[in-house]
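Dropping the structures in below, format is structure tokens.
In what follows, subunit A forms one complex with subunit B and a second complex with subunit C.
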Partner chain A sequence: MGWWLSDFTFCTGRYESGDWDSAPTLPANLIDSVARYTDIAVAPSAVIVPLSSPRILGFPLVYMTGHLPFRFSESERANARKLVDRGGMIFIDDHNHDIGGVFHKTAVEEITRTFGKPAELRNDHAIYKSFFAFPDGPPATSHELNGWGDNLVHKNLLAVMDGPRISVLYSNKDYSSEWNYHPDNKRFSSVDNTRFGVNIIVYALTR
Partner chain B sequence: MRLPANRREWLELLLRGTAVVLIAVLGFRALFPAQARTGSDLIVARVADLPSLSRQSTPARIQFALDGIPTAVQRAWQNALKSAGSGVSWSGTANPVAIVARPVASPQGGYTLTAYSPDTTRLILRDNISTVDSMSMKGQPRSVVVPMASGNVRAVVGTDSAFARLSDSVIIGKILVIGKAGWESKFVMTALEEAGWKIDAIISVAPNVAVAQGSVTTIDTAHYAAVIALDESAATRATAIASFVKSGGGLVLSDLAARSGAFASLRVSAPGGAPHTSISSDTITHAEAAFSPILPSGNSVPLEERGGNVAVAAKRVDFGRVVQLGFNDTWKWRMQGGAESVSEHRTWWSNTLSQAVRSRRVTVDYAQSDPSPYTNLIDIAGHPVAPASPSQPLSQHSNEMLWLTVIGVLLFGEWASRRLRGAG
Partner chain C sequence: MTIYAFIRKTQRLIVLTAAVKGVALAASLALLIFAVGALVDLPSGTVATIVVLSAISSLGALAYRAKMIRSPVSVALWLEETIPAMHYELVTSAESRIPLPDLERSVHLDHIQPFVTRRIAKVLTRSASMLLGASLIYLFSPATSFGRGRVHSGMARAFPRVFPPINKLASLRIRITPPAYSGLRASEQTNAASVSALAGSRVVIAGPGTPEGVRATVDGAPVRIAGDDDTWSVTLSAVKPVSIVRVAHNAETRLIVVETVPDRPPQVVLTAPLRDTTLRTPRYSVLLQAETSDDLGLRQGYFEYLIVSGTGEAFSGRTLTSPPAHFESRTGRLQARLDLAALKVVPGDLVSVRAVVRDNNTLTGPSIGTSDTRSFRIARADEYDSVSIEAAAPPPVDSSAMSQRMLILMTEALVRKKKLLTKQQLVKESDDIGFMEDRIRKRVYDILYQTDSPEGPGDTEEVESEIQAINNPDLKEAYDALWDAVRSLRIAEPAVALPPMRVALKALDRARLAKRLYLRGTAPRVVVDISRVRLTGKEKGISSMRSPQAVADSSRRMLLSGFESAITLSKSDRRLAIEQLSLLRVRALASSPPLATALRDIIDAMEQNRETAAALIRARRLLATPSVTGTPNGEWGGG
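== the complex of A and B ==
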């Protein structure tokens, strides 16, 4: 953007305990969507930053996913807490989309330990209308509709709030699988399924 | 008349006669004042003599021997004598001291106390409760911001002081933030809301799509105290913003916004292409603090300097004020700074904005202030002069008391003598 104002850079948080890189093409896909639908200045390439590094504080929106047990190290927990306390937002997505799965259990435990207990996010929350309108709440993923995983369509996302603002957003709808494809393949979709990803980014940048 | 029969009666007659003569002299002095009687037109007096001076007919000239600045009441009395026709001058020593208290135009309140004393002195600031601060004066006015104070604030130098009554809190309207969706706009709004400012925002997300926060309305001084333009997206409203500023509103222009030609008439100066200055050991943060130096123009005032370059500057535009920033990425201070970075970022933005905002009302009760007693003394009695000759009476009142005492002793002696010898 312009003179030297920082562009928005999509950041994947790398944590030590699990398979943090299980959705490698998701960042490029969301970057493509942000550039396609908005005039937000977005960096063309995403970054991967260790959550244990102070560099993570330069990226106020951090995306994390995985299938395996999810645990923060002490330095990861300290940085994650600092990022949220200073006004940043963390988006964690369960790549398994099963409510009894190991990622879900351990991630919710870790979120509770680090940030406080997450609660169901109302489906009329501002994040569902920050750019595209999702009047019914979080859009269902094809994996949910196909009956994979726990065979459930999860009605709500979970969130830890800082006043009216979401500081930690947790999904077990498996957006990581839903959005993990090359952006060129969007042309084969009648409705772009990454639109809710745009909402998450616009929400993080404006609230 | 029978002559005294002995020396005792001669003594009684002498006492009575002396008393009568003294009474006559006193009557004469009352009818014909000292300067008329002696030919001198100058009275050297102290401020404590003001009551007795006022009981006399108007002296032609009065010189007050001072060892400090008279109180406001005493100066008013001196001024009354001057208005009545006396020439008033003064000699001695008094410490020049002055103070101004202005409320900070911020939801967090506080006062900016600006004190002045020309000499290299220790100046102490006090309010009605305790000492607020102290400062070493070096011939220049100095300011300090205090979060709260009670009653009057007083600047004390030696035995002299000036005081200012604290005004009511200012009333501040809402702030309108205009910018593109991004970390800078988000964290500027966050910081200001944390500081208590009421924010409306127009955040551009896509062509013809903006996220509005609050109840965005017409940009005028009835609705907003200041506008913060964070980037070129504000240029589409530049005409309304210019009108707003000229009618008394405040404007904070980030470096990116100032680069827009739409703000050419409002900006302090056109940002140049100078290399950015990155200060890794900056005081506000250890984060990157890159900025584009502002080139001050003739009517601008530098507000903040970093590394010898102007980082923030302000200027007046008609009735309004414009504060131009050399910064664009202040959000990094908050996210990547030290342990206090959140409060430092919040305070920096709140303080910077408070220098631009239009505050709707400041009620100052000047009648109960004495902000500059020394200049008031100069206004009444001029600059100090060399002390006049001490041969002139310092106190007419004390002399009169002495004379009355002597008369009383004489008459009492005469009466006692007569009673002791059995006379009527």
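== the complex of A and C ==
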């Protein structure tokens, strides 16, 4: 069977610095959402792949998060560049939801060094309508609204673009906290807050 | 002609000659003053003043000298003074103004006329010589002389030089002058189709002949052609990654690819310490060492310490640096001693160390190189050796621990109200708690011995493997304590059951923390039941038809077709084929550097009329390799 018929597998990138595993149930939650709303063939469980491993190049979307200083080793940096050069997308979320936090500071520095300086993503970008429509841009998280972190609602995500396409998406909104719960608990929510996660995955797979 | 008429005519000639002499003298003086003024670098205002004063003086002197020609008598006297054979015949005739027959017969004007002509010619010749000499001095004076440029250009227009027709693109010299900070020497190549220049270099492309008729563009934009009578030139700066320079003369064109080589950032490798460290106490001193190198030259380096404090989701950081070390070469070594006590770190802090080096690039930099990071973590007392900051998602053991806490509260309540209960009530309530405690024991057993048996351990303890239990002493202790608690609760002795219940709670808590110790890399694996949840979401997306995307590797196909067409073209027009290969190389620089190198070898071989087969084979192999953008085998592409 050709590779194009394989399932989408959610991949969490493991990097040597920091706490890459701070949102352990987020992948299952997004897998559940992809299956719940789309007919994308999706693997039932996520994988964790070291960013320094060549295996990382086999995934169209790599998710990374953490609270602590975010720095790539040389092999991680080289692989991350290769992944993006080959059309992959990297989604990095600040689990601190704090623009003064060490993750934000070091992650933006590392993104700039590895991929180029990230810029604010316009709130009418295609990623906000790739599946669900978010006319106001990235949905706010409860951590932003309840005054945690920097007590700010961040209006824009940051992105490094490859032409019109996003190659690295960086969020300071702490989706890692927002989406980090067991998918079975989704039934208690009136509105599914992981819908934007579906948009990210659909965007990464179709653009 | 009468004598008087002759004298009047001579007077007019002398006046005219004197005027010409005066103008020539003034002009000569002015030219000489301009030339001398440029030689000694006098201000233009001073030069102009001197010229005006000199002109006035010379004209005044001439006017004084011209007193002899104020009247016909004066002219007649001048003639008689210079011709001794005359005996005042001319003066007499000039004074009488009427013709006197005797005098008219005795004076032979035919003899006087040549004499007058010679004298006037002599004066005019002297004036012309003087003016010519002054003009020559002026023309060879410095270029800063007043008005000299205009004179030159006017002369150039009046007397254009005729050059033999030459091929102005026959011999192109490309001179590359690297930026001063690099310390590299300027280099020159002749007739190269492609050159490499360090970023910021000055590239001058020059050819023979005047700039007339030569046209040049850099990346399609016309540029100015400079030059003189012997050479034309185009100058550009190596700023863009690749610049395509096209020069043309008549119907001939030449293409030169200027590839900008960036100044690479310095490399730095942290050689000591080799790995991260977790410490019990914040008292530690370690030697930091790093090796560094740069392609052009290093300037400065230091170690950077990032100290992160905090727990949970509240972290703060501060950055410190070691004293900088200065370099004056391309390689260097950094060394410093890190004393954690001096950084005033406390348990729970994380100190990240890396080496930072800057190079000598004063043009676009400095470029900064950083090493990998090493971390020193000071363990908290309750989380010694933990590498995880955030608590893990509650594992089954954790939920057991919560139940255990709840059962302890229930047992304590039962002990307090024991006196108020009948024996039957006490037995029933104690037995109920014992039943729930036994369920916890069975769950702990499942985790401890990794069994999926639905019946649980039952009475099979004698066959348990102690080896498995040794691997988790906390759970084993909890399991044993739970056994004791269950036994006491089942015989209605809740007070006796409480101590082992508390021991079990503490042991379970330790096991939970222990689980966190090794949480990294072992995140709980949640398997989603895809078929159960498939398309059960109430909200609907807006999935729509999308236009097909371009083939991922279209650039390689474009390179391949361009390559084949260039090779075909090389049989008929070698120069055009070289240009096409140069353009292909520009495209390949970004997508496939090895192919760009192979194309350069082909171009060099074609230009030097060498064998191209080996380079062609290499390029064809590179073009035939599988797509770099294809999806390799893996989780996504496993198929």
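One rule holds for everything that comes next: the second predicted complex is superposed on the first by the 203 of 207 C-alpha atoms of A that agree within 3 Å, B and C clash if a C-alpha of one lies under 4 Å from a C-alpha of the other, contacts with A are read in each partner's own complex, and residues count from 1 in each chain.
We adopt the following convention: a residue touches a chain if its C-beta (ideal position, glycine included) is under 8 Å from a C-beta of that chain, and two chains touch if they have at least 3 such contacts.
Owing to the predicted nature of the structure, the values given are computational and were not obtained by experimental measurement.
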Quiz item: When the two structures are laid over each other on subunit A, do subunit B and subunit C clash or fit?
Solution: clash
Quiz item: Regarding the shared-chain residue A:83, is it in contact with subunit B (first), subunit C (second), both, or neither?
Solution: first
Quiz item: Does the superposition put A:37 against subunit B (first), subunit C (second), both, or neither?
Solution: both
Quiz item: After lining up the shared chain so the two structures overlap, which partner does A:69 touch, if you call subunit B first and subunit C second: first, second, both or neither?
Solution: second
Quiz item: Comparing subunit C with subunit B, which touches more residues belonging to subunit A?
Solution: C
Quiz item: Touch check for A:124: first (subunit B), second (subunit C), both, or neither?
Solution: neither
Exercise. Name the contact category of A:60: first (subunit B only), second (subunit C only), both, or neither.
Key: both
Practice problem: Return first, second, both or neither, reflecting whether A:105 touches subunit B, subunit C, both chains, or no partner chain. | Solution: second
Quiz item: In the superposed arrangement, which partner chain does A:136 touch: subunit B (first), subunit C (second), both, or neither?
Solution: neither
Quiz prompt | Candidates 135-143, 225-233 or 333-341 of subunit B: the single one with C-alpha clashes against subunit C | solution = 333-341
Quiz item: Can you list the residues of subunit A that meet both subunit B and subunit C?
Solution: 1-6, 8, 37-39, 54, 57-58, 60, 86-87, 131, 202, 206-207
Quiz item: What residues on subunit B touch subunit A, complex-wise?
Solution: 180-187, 190, 203-207, 209, 211, 213, 231-232, 255-256, 259, 271, 276, 290, 292, 328-329, 331-332, 334-336, 341-342
Self-check item: For the subunit C and subunit A complex, residues of the former touching the latter
Solution: 306, 308, 313, 315-317, 350, 352, 354, 370, 372-373, 375, 387-390, 392-393, 519-521, 523-530, 533-537, 539-543, 546, 549, 552, 628-629, 631-639
Quiz item: Touching subunit C in the complex: which residues of subunit A?
Solution: 1-6, 8-9, 11-12, 14, 17, 19, 21-22, 24-25, 27-28, 31-33, 35-39, 42-45, 47-49, 54-55, 57-60, 67-69, 71, 73-74, 86-87, 95-96, 101-103, 105-106, 113, 129, 131-133, 148-149, 177, 182-183, 191-192, 195, 198, 202, 206-207
Practice problem: Quick one: which bits of subunit A touch subunit B in the complex? Just the residue numbers, please. | Solution: 1-6, 8, 37-41, 54, 57-58, 60, 83, 85-88, 130-131, 202, 204-207
